[in-house]
Amino acid sequence: MTKEEIKDEIIQAVETVRRRNPMVGSITNTVTINFVANAQLAVGGSAAMVYLPDEGEFLAKAGGATYINVGTLLPIYEETLPLVAKVLHETGKPWVLDPVAIGVGSLRTQLLQRFKEYKPSVIRGNASEIIALAGLWELDGGTAVSKVRGVDSTDSVHAAKAAAVSLAKWTGGAVAVSGETDLVTDGSLMAFSYGGSGLMPKITGTGCSLGGVVAVYATVASPFIAALTATAVYNLAGKRAEKQVNGTGSFQMRFLDELYQATAEEIANNPFEIEEV
Amino acid sequence: MTKEEIKDEIIQAVETVRRRNPMVGSITNTVTINFVANAQLAVGGSAAMVYLPDEGEFLAKAGGATYINVGTLLPIYEETLPLVAKVLHETGKPWVLDPVAIGVGSLRTQLLQRFKEYKPSVIRGNASEIIALAGLWELDGGTAVSKVRGVDSTDSVHAAKAAAVSLAKWTGGAVAVSGETDLVTDGSLMAFSYGGSGLMPKITGTGCSLGGVVAVYATVASPFIAALTATAVYNLAGKRAEKQVNGTGSFQMRFLDELYQATAEEIANNPFEIEEV
Amino acid sequence: MTKEEIKDEIIQAVETVRRRNPMVGSITNTVTINFVANAQLAVGGSAAMVYLPDEGEFLAKAGGATYINVGTLLPIYEETLPLVAKVLHETGKPWVLDPVAIGVGSLRTQLLQRFKEYKPSVIRGNASEIIALAGLWELDGGTAVSKVRGVDSTDSVHAAKAAAVSLAKWTGGAVAVSGETDLVTDGSLMAFSYGGSGLMPKITGTGCSLGGVVAVYATVASPFIAALTATAVYNLAGKRAEKQVNGTGSFQMRFLDELYQATAEEIANNPFEIEEV
């Protein structure tokens, strides 16, 4: 794909979502669940969140895509998450995995291990999470020990390149690594998306809600385009919001406004570069 | 009741709440729980949320009214919700039911079925939810199959008229159907409330928090007046907030400001019409 | 300590946190969990929230301090909270307890009773909560019956003096009582911190997030200084935010902005008085 072809597909994805208002089910953490839903709505999606196994299965089948974020695990997730991931895999429905805080606790490790076979369409995380997941799945570029610090990365996006490529090759989908410059790859093409704001890591949920928005675009676009489109609108909204605010409270509010206002053309024209892997 | 009598009761409800700061317990979903609490506080109530059975029972008895929203069910709800609803029914305390996402999952169906005997004072939902609940309870105007899409309605408020009336007749309370024009009925009188904003469905929680605010007014007014007062302040706040914002983030913020600022007179004067059923 | 020495330590605490970005684990209620995280981030900390026992243990050991808020208890808390508090006590890590809604439900009572032996470094609550906790722990100044109304206080800060002192003496840490004028004591020194806003109790989570921010400062300062620093920045941010807003929605946003912007000097210079107990 050329850069122009990619831009056309981004425009297509943004406009189709706004027209169709696709429903996306999410199983996500309680810290940022409201922000995830509001971000999904701001870009034109419809959001539904659940915890119970049969409800997750229902949404997996009824929705256009599903977002799974392992942030604040509850005991019931032991049943819910493998079931939902299995259903998604078997029905060929796109789903996005956010391996938040990988390395913290045994259930998280066990669940993330199971997901290897259910091949998420898009994996979205910070550099340390992506490296740790590749390590857990015994793929190239991963390391055995997670360097995640709580929910924060201690690695640079550049350091996660090999892990991102090997994860994308394994799943046949795409991987998005969030950081100062964001990386999106489908295993053969690698895109670098620019913009954003230093305030983004200063509010909780920019990463989680990005994953939720990737799922919205995944209802109408390929994993690679969905991940790149969501990353682009986040970089655009972050850059714009930053200029108009006095702190993190107003940044969060303005960021949602910018997600809501961004046009398809503007999102497609947010700076990015591509290279062959 | 005449329109003037209704307006007087609305003014009474708003002012009494602001003076008494009534405590309302809620068992509600994790997506919008913060917004529900802040909306309840903005209109003058005091908010307390719980999950466990004996805590729900405690609040049911201690609070002036209770709000039950079946949004993101947890396993413990199987014990908590029937117990709390039973206590509310037996003690004659007002309670508001929000049958979010009716049709999704077996526990939700089972719980909503149980609530028929505990007769919620107010049922608040979108058109599809109200029609589906009437169907589940085998009342006139309902349909056997839920047309709820995730948390969204696919029916018009007008289509839910018969279901709303039969639900209100069954409970002896009131039913509020949210949509472009909102409908509130006690089974004999039907009110249509105007205003609001196209941005309201673009943020998560306007429906849930409306239910929470109905519960606040239900501590001091009849189910019908409580539902109409809450609907009126929502329509007023939505209409006003829309004019001052650039997107969904600022709308959410401004909407709470408008809930907080609205005077009793302004709420009573928000346009509505009444007709006999 | 003189007032000047205290100011120096406040400046030290604020600046060290901003430089080190300390990680704080929290187990807290779902109502205000987002606000807690954003407040912790706004003052320079890193926030991670969990529910499961081994995850709580992991964060207790990995983080610089831990925040435990018993707001919306889940069944798993029966295992998680005593384990985490025990680990914190045994490893000598600072932790902050927020005894929200003490008196509501049996699990809450049982957990709060257990915490007596694990001696939280800082206890943060409203006057009624502090009095009720001293009562539950059979310390001077406490009463047998909680006068907490849902999550609200029915007592004045002044009335909680004796309870605060005896709790601080028992734990060897500090106690912060939130109200119109806030009280912070380590059992021998008592500080009164001024400022804040009448809008603070009109939004949910100012108390919870204050507890979360105390934990952030407790990673680098003594319990007394941590509690006083957090209380000072809250009073400063509240006072400043109030002047620029039209209601509770914009207050919440502006309050986070002010937390983010406040300088170490400004926080240290927020009015307070000290006296010997």
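Note that the chains take the letters A, B and C in the order they are written out, and that residue 1 is the start of every chain.
The rule we apply is simple: a contact is a pair of C-beta atoms (placed from the backbone, for glycine too) under 8 Å apart; a residue touches a chain by one contact, two chains touch by 3 or more.
As the structure is a prediction and not an experimental result, all values here were calculated from the model.
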item: Proportion of interface numbers common to subunit A and subunit C (over half same, under half different); value: different
item: Equivalent-chain rotation between subunit B and subunit A, CA atoms, steps of 5 degrees; value: 120
item: Euclidean distance of C-alpha centroids - subunit A vs subunit C, Å; value: 33
item: Interface hub residues of subunit A, defined as touching at least two other chains; value: 30, 34, 74-75, 252-253
item: Residue numbers on subunit C that touch subunit A, as the complex places them; value: 23, 25, 30, 33-34, 37-38, 41-42, 46-52, 54-55, 58-59, 62-63, 74-76, 252-261
item: Parts of subunit C lying in touch with subunit B, wherever the complex brings them together; value: 29-32, 34-35, 71-75, 101, 104-108, 149-152, 202-205, 245-250, 252-253
